[in-house]
Structures are given as C-alpha cells and as structure tokens.
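There are two complexes below, and they share subunit A, which is joined by subunit B in the first and by subunit C in the second.
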Partner chain A sequence: MFSFCSDPETLGTVRWFACYLTTGKHMSLYWSVLTVLSLLAITAPAALAFGFFGAMSARSHVLPLRWLGKAYIAVVRGVPDIAFFLFFVIALDQAFEWTRHQILCPDWTDPIRQGNDFIVCDAAKLPLSSAAQWVHEVYGFFLAVLTFAIVFGAFAANVLFGAMRAVPRGQLETAEAYGMTRRQTFWRVLVPQMWLYALPGLSNLWMILIKATPLLFLLGVEDIVYWAREMGASANRRFTDYPHGDWRIWYFLALLVFYLSFTRVSEIVLERINRRLLHGQATVGGGSR
Partner chain B sequence: MSCWQTVQDYGLRSIGIGERLLPKTDFTLCQHFTLIGSGLIWNIYFGVLALIIGFFIASAVAVGKNAQNRAIRKASEWFIFVFRGSPLFIQFFFAYFLFLKLKQLGYATFLTSAQAGALIVLILNTAAYSGEIFYGALRAVPRGDVEAADAYGFSGWPRFRRIMWPTMLRLGWPAYTNEAIFLFHATTLVFFSGFPTWKQQGDALYYASYFADKTFNPFVPYPILAFYFIILTLTIVWIFGRINKRLNRHLPEERRKKLRIRPNLIR
Partner chain C sequence: MKKLILTTAALALAAGMATAADTVRMGTEGAYPPWNFINDDGKVDGFERELGDELCKRAELTCEWVTNDWDSIIPNLVSGNYDTIIAGMSITDERDEVIDFTQAYTPPDPSSYLANAADVDVTGGVIAAQSATIQAAFIAEQGWTLVEFPTPEETVAAVRNGEADAVLADQAYLAPFAEEDGLFILEREEMIGGGVGLGVRESDGELKAKFDAAIQSMKDDGSLNALITKWEVASTW
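For the complex of A and B:
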C-alpha cells in the first residue's frame, strides 16, 4: 500500500502496523464488513416484507391462510434460529434445483435422491457449473439473504401482528362508519397507524438482526468472522512478509468492539426516531412535549 | 438392527457412553431420533446450569444497576451493555481464544473445553439479559410495598430478601421465561463457534448437521431437531408457569398475571 512497505522486516512498529493493516488480505476483511452491511441493508426491508405478509395472513378471514400465517410465526420462533439457517441454506438450494430440474429436464428418468446424493441434470444446476466464480458467490449471498429474510420475517410478523391489534378499535370503527370497505380500512387507517406501535418491537428486531450477522459465517459466506479467523491464525515467515503469532484473540476483540459500537449507534438513532414519531401523539411519551 | 439396540448403542453417545463410531451409511430414522436426542443432553446441561447460576448473578447485577454507589452502578451497566450489545457468536469465539491464551500461559487449562468455557460465556450472557429484565422489574416494585416494609421495621437485607426480591421476581417473571427459552436456543451455538467437539460428542444441532452433511437431505434431521426443541420449549413454559403461579399465590385471582409468552427477544 505505502511506498515504504517493500521490506517489512526493517520497519519500526508503527510503520509495520500501517503496512500490515493494509495488505491485500486485510482489504478483503474491510470489504467483508461491507458484505455484512449490505446484508443488513437488503435483509431488513425483505424481512419486513415477509413479516408484513405473515401478519396479514395471520389476521386473514380465510381460515387456511390464517393457519398458515400463525404456523409460520410459531414454528420459526419455537426453534433455534441457527437450526433454520443451516436448514434453509440447503433446503432452498435443493428446492430451486428441483424446480428447475422439473422444468428443464422433463425426460430425465433417474430418481433425484440416490442414496446420499442429490442429483439433478446439468442444465438445472444452480449456479451452472460453467459459471464464473462471482456468480457462485452472489448465489451464496442471495441464499443467505433469503434465509435471513424468512427467519426474521417471522419475528417481524409477530411484531406487526401485535401492532395491528394495538391500533385503537375506535379508529377502525370510525372508518367503517364512514363507509370504507375492509380493504380501505386496512390500507388507509390501520397500516399508517400501526407503525407507531410496531416501532419498539422493530427496533428490537433491528438489534437482533445486527447481532445475527456473524452467523453468515455458518452459511459459507466469507464474512468478517471468516477473515478474522483466517488472518488471526499464526502466520509463518515462509508464507508471508508479516509473520506473527496467534492473534485471533485480538481480531475477535476488534469484532466485539465493532459490534458494540454498531449496536450503540443504532440504539441512539432509533431512540431519536422514536421520539420524533411520538411527537404530537396523544400518549404518555408524546404528551410531555 | 432393532431400534431398541440403536437406542442402547447411541442413546448416551453424546456423553461418551456406548458405541464409539457414529453410523456412516444407511441412516435409519431411529438413528436420527436417538442421536439427536442424545445430543439434547448437552443443550439441557448448558441451559439448566447457565440458568440456575446466571439467575443469582442476574439478581446481583439488577441490584447493582439500581445501586446508589456510582462505581457499582457503572460496572453493572457496562457488564449488561457488553454482553447484550455484542453477538453471542462473537463472545464465544473471543472467549475461546482468550481461554486458549490462558492455557498456553499455563492457567485454567480446563476452560478450553466447551463444557466449562462455553458454560461460563452462557452464564455471563444470560446474567446480563436477565439482569436487565430484573432491573426493569426492580424499578417497577410499587412504592407502597417498600413503604409498608419500612413501617414494619424492615431494612437492609431483610427488606430486600423478604419484600423487594419476591416482588421483583413476580413482575419480571414473564419476560424471564422468554429469556429462558432463548437461552436454550442459544446453547445450540456452542459447538459451531470455536469450541471443539471432543470425540464427536456434540449437542443436538451438531448431530443434526452431521446427518444433513452425510445424507445431503436436510428435510429429516432438522424437523426432528425442531420437534425436540418444541417439546423442550413447552416443558420450560410449563415449569416456569408453575413457578409463576407460586410467585403470584398471595394475589386475588383477577390480579394474577397470566404467563403470556411473547418470544420476541433473542440474542
């Protein structure tokens, strides 16, 4: 990175660290922070969408749909989330490949599950075996996002379901008295008002989501945990210009500090938003200002 | 091989009793159920011990956060912030490498095993989460109760032990039940986070993922795992419900707080 980095052995401590922390591998670490942030940026709205549909179906008047919504909320929350991560990554992949197999290779006769193997025709493989490396990585990331969205969608559904019930009954009755249909009442009265009641739960969920991002590591994405383990391990003089002992404890300490500051900043921002939303509302918190 | 034979061979496999080698091919449904159930022993071990020990630390932390003394208050606040503000997964990793360092220096060598090291992390973690719950409950203890205690001549430790602590538990109990459920869920992280699995003696999720890796079929082991955990959750809810009833036994029927489980707080 810097011009004086050509011979690390001769450097003083400060310059050595300046060079060490800007090696190519460390750049990958900094990029993986962006991976985590983009996962958050994509997952949060996706989970919210899943949650919205989950909550909508849980309060639907159609019985099977209601059962489906409630089962989605109950099952995902009753089982450890990490089990779902491990499950969905394989299950989704196989579901996609199976669907493509049925469409693309209708004349294939062999069974897909042969003993311990899952075999689909070449054209149905995802991604195609001829695809470039980045396609594989993007596909893996996509599966991770979908998994996160499904799991946290259930938590969001729970929050939104509660928020929809918390909107005062009188508001809905007024809407009905004005002759609005059920659909109009839902979209014009219930949905705009529920966010206030949903916000504490959703802020909590955001914190949970932040704290769940290191689990990306288990899904096979090269995230910060992966790189911290990789680079913290003792580096031998033969393979690198920057030999050092087992530094994994310091890398994970850095991750700990990163997450602590991230949650702290989120807490402060969410507190601000909450205060702004409460402003002017006829509640205990809003009345005092 | 009959199913009963499998249960005898693998029922206690996770704690090292029975057949040494795990099944390699031709997995039966019975083997799935037996091994994953066997792994559940560790989840219960971690969960129960962390809950019991963490409970007392949590009470202390809650009182500490409510203390007049600034140093004690700040220490409790930081303890809660560090353990609630960072992912448990990272805490496990950090603790493992910390214990590894200690081991290299010759101290406390047993801490690098999951059974001791991960347990400590779980205890501290649940102590922080429950400490925050209990702190909230402690602040909600009705002023009248405390004044009545003062009038009867209670003070210091007896006042806390006989009046404030039971009320704090009663008020915080529904939230604490949630915490207990999620603590048991969190125990599945142990063997996926640095802590090594010794002789393939892992927890329920460890065996479930073992089967999923070997058969490349996630649709059997994970639902079995889910089945076990739902039963575990229902058991916890039942036990905590009994305790809740006892904590509320002096109240008139309509003022008793029913235990409503709203699991929306995870780590």
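For the complex of A and C:
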C-alpha cells in the first residue's frame, strides 16, 4: 500500500506494522468486518419479521395456521444451530436448484440424484457456474441471511408470542368495549403495547445473534473469526514477506475488543429504547418515573 | 433481417453456454503451506495454485479458486458448490466411495512426526492430527491417544504448548516449523496414503478425464517434477 513497503525486511517496527496491516490479506479482514455488520443489519429486521408472522400465526384462530406457527417455533428452536446450518442450507440451496431445474430444463432425462451427487443442468445452477466470484459470495450471503432469519425468527416468535399474552387483558377489553374490531384491537392496542414486554427477550436474541456470526464460515462466507484464525497462524518466511510466529492470541484479543464494544454499544441503545417504551406505561418501571 | 438477428442471438447463446460449461471452480483449504495457503494479497497461492492453473491451461478450462473448511470440503463438492477439490487430499478407499479422484499428481510419501524433543516415543503417546485426515485415521487405528483439530495450524500449536507429544502430518507442511521454532522432526515415519489427487464428483467423468490427461502431459514433459521441486512438497515421479 505504501511505497516503502517494497522491501519489508529492512523496515523499522512502526513502518513494518503499517505495511503489514495494509496487506491485501488484511484488507480482506477489514472487508469481512463490514460483511458481518451488514449481515446483522439485514438479518435483525428480517428475523423480527419472521418472528412477528410466526407469533401472529401461532395465536391465530384458524387452526391450520396456528399449527403451522407452533410447529415452526417448536421445530426450529429444537434443532441445534450448527446442524441447522450444515443441513438446512444445503437442502435450501438444492431446493432452489431443483425448482429451477424443473422449469428451465424440462427435457433433461438423467436422474438428479446420482448416488451422493446432486446434478442439475448447467442453466439451473445457482449461481451459474460461469458467474463471477462476487455473485457466489452474494448468493452465499443471501443464504446466510435467510438461514439466520429463520433460526432467530423462531426464537423471536416465541418472545413476541409471550409478549402478546403479557399485555393486560383489561386493555383489550376496553378496546372491545369501544367497539373496535379484532383487527383494530390487534394493531392499535395489542401491538403497540407488547414491545415493552418483548424487548428484554429480543435484546437477548440480538446479543446472541451478534455472537453467532462465526457460523457464517460454515456457509462459505469468510467472516472475521475465519480471517483472524487465518492471519494469526504462524507465517513462515518462505511463504510471506511478513513472517511471524503464532499470533492468534493478538488477533483473537482484537476480536474480543470488537465484540465487547459492539455488545456494549448495543446495550446502551437498547436501554434507551426500553426507557422510551416504558414512558407512561402502567408498570412498575413506567410508574417510577 | 429477422433471421440474421435470430442467428446472432442463437450464436451468442451458444457462446454463452460454452463459457458456462468451461468455468471450473477449484475448491481448496488455503491453510496448508506449501500445498495451498493464502498469500499476503489474500489470494490462494502455493504448489496447488500453480499446478491447478497449469492444468486448467492445458485442459483449456477457465478456473476460479474458492476456499472451504477442510471438515466440509467433501460435502460441498458433492452438493455442487465447486467442481474439484485440490487441497493436498490423499487418495483413500473411504474417500473414493464418496467422490472420484484423478490420477495422483504427487507420489505416495510417508508422513512425519513433529515433536518438542528429538527423542519422543510416539507409541502410546498423545498425538495430534487434523481431523478427517489419513493421519488421524492412522493414529486411531494404532490405538494411541489422538487429539484432533480442525486446522493444521492448531495441531502444531498443540505440540508447542505441550497438549500433544507430537503431531503427524505431511513432511512438507511440518518442515518449516522444524527449522524455525526449535521443534524436531522425528526419524520415525509412517507409510500411509496413496498419493495426492484432484477430487471430483463421481458423475463428472468428463472433467476427470480432462484433468487426468493434463496431469499425464505434465508428468511426461517433466514440468510436474519441476513444480514439486520448486515448492518442496513431495518426492518426484
């Protein structure tokens, strides 16, 4: 990056580090920080949406819908994350490709499953095998967001389901007494008040989601933990201009600082939201102000 | 005019399909120097990078490199995330049941032990190995205590901090550690594995044939031996 980096052997310590920390490999690390942050930014609202619909259908008066909502919550919460990430994502990817295969290649005669192999026609591959590397990465990222949203959506659904039940019955009765329909009661009385009860559970989920991002590498998305491990590994002078011993402890220390400060900032923001939600509520927290 | 446009479109489509079929995604681990590793620029580098690029050139394929965890490298090949495994993978019967291998591009070499002292007795000791490798399978067979790690780096770290008495791996991977860190390569070697080849899906016979031919041509003109010597990965043919 800097012009003096051409001969790292002769550099002083400060310059050496300036060069070392700006190698292409380190740029990948900084890039992966952005990947993780944007994943969180997209996943959180997506998971909340999944959770909201899950909770809504779990308390629906239509029986099949209720079963669907309860089954979603129970099944996804009960499966270990890592199994979900290894099995479900491959299944999801194959389901997409299978669908495209049926539509795009109707004259294909070979079986799709050949022993262990899963073969679809070239046009049905997702992404196409001729696509640029970044398309593959974006697709992997999309799968990751979807999987995270489904997993964390199930937990969020349970939290929201409980929060909806925690809203005092009197509030709903009053709404009914005013002649509101079921729909109006739900959207105008129940939903605005439930967030207060949902927030502690949702903030827990957010913290867990932040820490779950290393699961990304299982999906082929290179996340910060992968790069920290990769760069902390001892580097021999035969293979790099910047040889060093086992530096994983320093890289993991940096990760520790990153995650701790990130969760700390989250805590402060969540506390603010909580205070705002408490305002004027007929609860112990709201009354004390 | 209309016909002309149609013909052009058909030609363009055909050309597009030809390139689609010719792009091969090469899956590697990127953590096993000198076989494959990530260089300072963040790109895949090493013996297999050079070998793979040369093979693709000879087979007239466009190749793209991807990295994947060792643990899930076979499942991701089978489900089609990439088309070959080129990651220092020894050809074994167990793996051959799940995927196919091209002919070997390095001959079968013994695996070596790296230990804290030159006189460590490995029989009955605690031996580290990367999980899902021939070395891990070998130690488990002997009935010695095996500690497994997902990456090669961690197996060496286990020896450094005394968690394991020795690590069993390819000599080429262990040699740089012996030179620099005061660790020792033991005299005892284990003759395991059947050479290293490219892994491909069992249904991908055409790709396998192309790579087989390319490897054969590199063996015949001596360029494969030159590459092996350059990166010091194995014995020559």
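FYI, the second predicted complex is superposed on the first by the 288 of 289 C-alpha atoms of A that agree within 3 Å, B and C clash if a C-alpha of one lies under 4 Å from a C-alpha of the other, contacts with A are read in each partner's own complex, and residues count from 1 in each chain.
In the analysis below, a contact is a pair of C-beta atoms (placed from the backbone, for glycine too) under 8 Å apart; a residue touches a chain by one contact, two chains touch by 3 or more.
In this text the structure is predicted, and so the values were computed from the model without any measurement.
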| item | value |
| --- | --- |
| Overlay on subunit A: subunit C relative to subunit B, clash or fit | clash |
| Touching partner for A:135 - first (subunit B), second (subunit C), both, neither | neither |
| Touched partner set for A:240, first subunit B, second subunit C, both or neither | second |
| Touching partner for A:41 - first (subunit B), second (subunit C), both, neither | neither |
| Touching partner for A:86 - first (subunit B), second (subunit C), both, neither | both |
| Subunit B versus subunit C as contact partner of A:265, first or second or both or neither | neither |
| Touched partner set for A:118, first subunit B, second subunit C, both or neither | both |
| Subunit B versus subunit C as contact partner of A:218, first or second or both or neither | both |
| Partner chain(s) touched by A:27 [first = subunit B, second = subunit C, both, neither] | second |
| Clash with subunit C, by subunit B stretch, listed 97-105, 115-123, 223-231 or 259-267 | 97-105 |
| Doubly contacted subunit A residues - partners subunit C and subunit B | 86, 90, 94, 116-118, 217-218, 229, 246, 248 |
| For the subunit A and subunit C complex, residues of the former touching the latter | 23-25, 27-28, 86, 90, 93-94, 97, 114-120, 122-123, 125, 128-130, 133, 136, 217-218, 220, 222, 229-230, 233-234, 236, 238-242, 245-246, 248 |
| Residues on subunit B engaged by subunit A in the complex (per definition of touch) | 25, 81-82, 85-91, 93-94, 97-98, 100-101, 185-186, 188-189, 192, 205, 208-209, 212, 214-219, 222, 225-226, 229-230, 233, 262-267 |
| In the complex with subunit A, residue positions of subunit C that touch it | 16-17, 19-25, 30-31, 33-34, 37-43, 45-46, 64, 66-69, 72, 75-76, 78-81, 83, 98-99, 151, 153, 156-157, 160, 176-177, 180-181, 201-203 |
| Of subunit A, residues touching subunit B in the complex | 75, 77-83, 86-87, 90-91, 94, 113, 116-118, 155, 158-159, 162, 201, 204-205, 208, 210-215, 217-218, 225, 228-229, 232, 246, 248-249, 252-253, 255-256, 259-260, 263-264 |
